[in-house]
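One chain, chain A, links the two complexes that follow: it is found with chain B in the first and with chain C in the second.
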Partner chain A sequence: MKKNRKTLLIIAFLTLLVVLGFIIITNKTNVFKGLNLLIIVIILIVGVIAFISAFKKDQEEKAGLTTEDELSNLIKYKSGYHAYLASMYMWLFIFLFKDKFPDVETMLGGGILMSSLIAYISKVIVKKRIND
Partner chain B sequence: MLDIYNFIIMEKFIIIFIAVLGVFVMFRRLSSIKKGEPTADELSSLILQKASSLSFYLSLYLWVVLSYFSDSLQLETDQLIGYGIIGMALIFTITWSIIKLLGLTK
Partner chain C sequence: MTNRIKELRAKENLTQLDLAQLVDVRRETIVFLEKGKYNPSLKLAYDISKVFKLKIEEVFIFEQ
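Moving on to the complex of A and B:
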């Protein structure tokens, strides 16, 4: 089995595992309400994004294209740089609005998921800017 | 009691270290401006981008570790976030220093 195929399977399995784990932790109650719904939506979005990017890489490898070049590295570094700065501000905002969260685990988990979403958004923006 | 005392000293040390580093960077930039040199070139901005990109991914793991040990650490919420933010800054300082010393590699 190719490396990318393995990655696809692992991502799909991990996303399902995280969603199931979250449902079990919340005891199947209030899963689709308020902050819990937002967390589950972010988990699914991150999973789908990871799956699509792994699928794209697999297709590129099949077509005989290189999966990583100088431009993709530059996009990775630039988006990481913007994501780092944005996530710093995000944690600062979480610090300011810490009373709005029900517990510490939800707050930190939400922050981590938001960070990954920020990373994806900054990657899309940097890619768009470079292509333009 | 001694552990808490050491913890507070360590926290103060890290904050002072980051502040001193910031002052050092500021003085270096000021001296570059005085000499008429550019404060940031292509290489330095690439080092900065690579270091912050790497530290972003590493800091995600830091938050996961903090989340895992949040119960056993028994810290206040603002302390926990404060340590996380200081940790992020520290990770960036370390990665930036390593990349600056070792140079950029593919």
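Moving on to the complex of A and C:
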């Protein structure tokens, strides 16, 4: 299981690099500007966060420590609920301003990426206010 | 609710990690408990009290 997660992360990272390289080569234009740049930045942030948390979890597992307990489960459930609500509002705004996006793929891809970012932010906020 | 975990842990010469391993939770949970940021479940409160060989009310102080 541990090995599977590591392999999956490495494959996802390499796929991301290959896709990015392919886009740069085929477009022959500067993709690092405007909305593209924002999407790339979000992908990188989400990727780095996922990698760091997987690495930390792996280290804890290696040391024979508990990786999940009642507090981590509570944080997961609470942040999941808040992230779900926030994501619904985000999708509502995305559809209200759909004319601002160049195409449907960018709109949906951006929305999915923003959802993952919202999930992380929600986790951080819930952690800070766990007793409220 | 306040608690005496930090004080009792120091008395027993236990680190946060030691206590976490003894009650099968993450070290982060002990940190949150000591800071008073998290109220534990009854089971966890019982387990922690058992480590210190005390009653729950001697470790966790319920305020009205």
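FYI, the second predicted complex is superposed on the first by the 106 of 132 C-alpha atoms of A that agree within 3 Å, B and C clash if a C-alpha of one lies under 4 Å from a C-alpha of the other, contacts with A are read in each partner's own complex, and residues count from 1 in each chain.
The rule is short, and it goes like this: a residue touches a chain if its C-beta (ideal position, glycine included) is under 8 Å from a C-beta of that chain, and two chains touch if they have at least 3 such contacts.
What you are looking at is a predicted structure, and each value in this text was computed from that prediction instead of being measured.
J.: Would you mind checking whether chain B and chain C clash or fit side by side on chain A after the superposition?
T.: Aligned on chain A, chain B and chain C fit with no clash.
J.: Which angle, in steps of 10°, is spanned at chain A by chain B and chain C when each chain is reduced to its C-alpha centre?
T.: Taking the centre of chain A as apex, the angle works out to 90 degrees.
J.: Could you tell me if A:71 is touching chain B, chain C, both of them or neither one (first, second, both, neither)?
T.: Touch partner of A:71: chain C, not chain B.
J.: Applying the document's definition of touch, where does A:110 land relative to chain B and chain C: first, second, both, or neither?
T.: Neither: A:110 stays clear of chain B and chain C.
J.: For A:83 in the superposed arrangement: first (chain B), second (chain C), both or neither?
T.: A:83 sits against chain B, while chain C stays out of touch.
J.: Is A:130 touching the first partner chain B, the second partner chain C, both, or neither of them?
T.: second
J.: Per the contact definition in the header, classify A:98: touching chain B only (first), chain C only (second), both, or neither.
T.: After superposition on chain A, A:98 lies in contact with chain B alone.
J.: Counting touched residues of chain A, say whether chain B or chain C comes out ahead.
T.: Of the two chains, more chain A residues are contacted by B.
J.: Quick check: superposed on A, how many Å separate the nearest Cα atoms of chain B and chain C?
T.: Scanning every C-alpha pair, the shortest chain B to chain C distance is 13 Å.
J.: Common interface residues of chain A with chain B and chain C?
T.: Looking at chain A, the two contact sets are disjoint.
J.: Inside the complex, what are the residues of chain A that reach chain C?
T.: 60, 65-72, 130-131
J.: Report the residues of chain C in contact with chain A in the complex, numbered from low to high.
T.: Interface residues on the chain C side: 17, 20-21, 24-29, 32, 36-41, 43-44.
J.: What part of chain A is in contact with chain B in the complex they form?
T.: Per the stated touch rule, the residues are 73, 76-81, 83-85, 87-88, 91-92, 94-95, 98, 104-105, 107-109, 111-112, 115-116, 119.
J.: Report the residues of chain B in contact with chain A in the complex, numbered from low to high.
T.: Spelled out, the residues of chain B in touch with chain A are 46, 48-50, 52-57, 59-60, 63-64, 66-67, 70, 77-78, 80-82, 84-85, 88, 92, 106.
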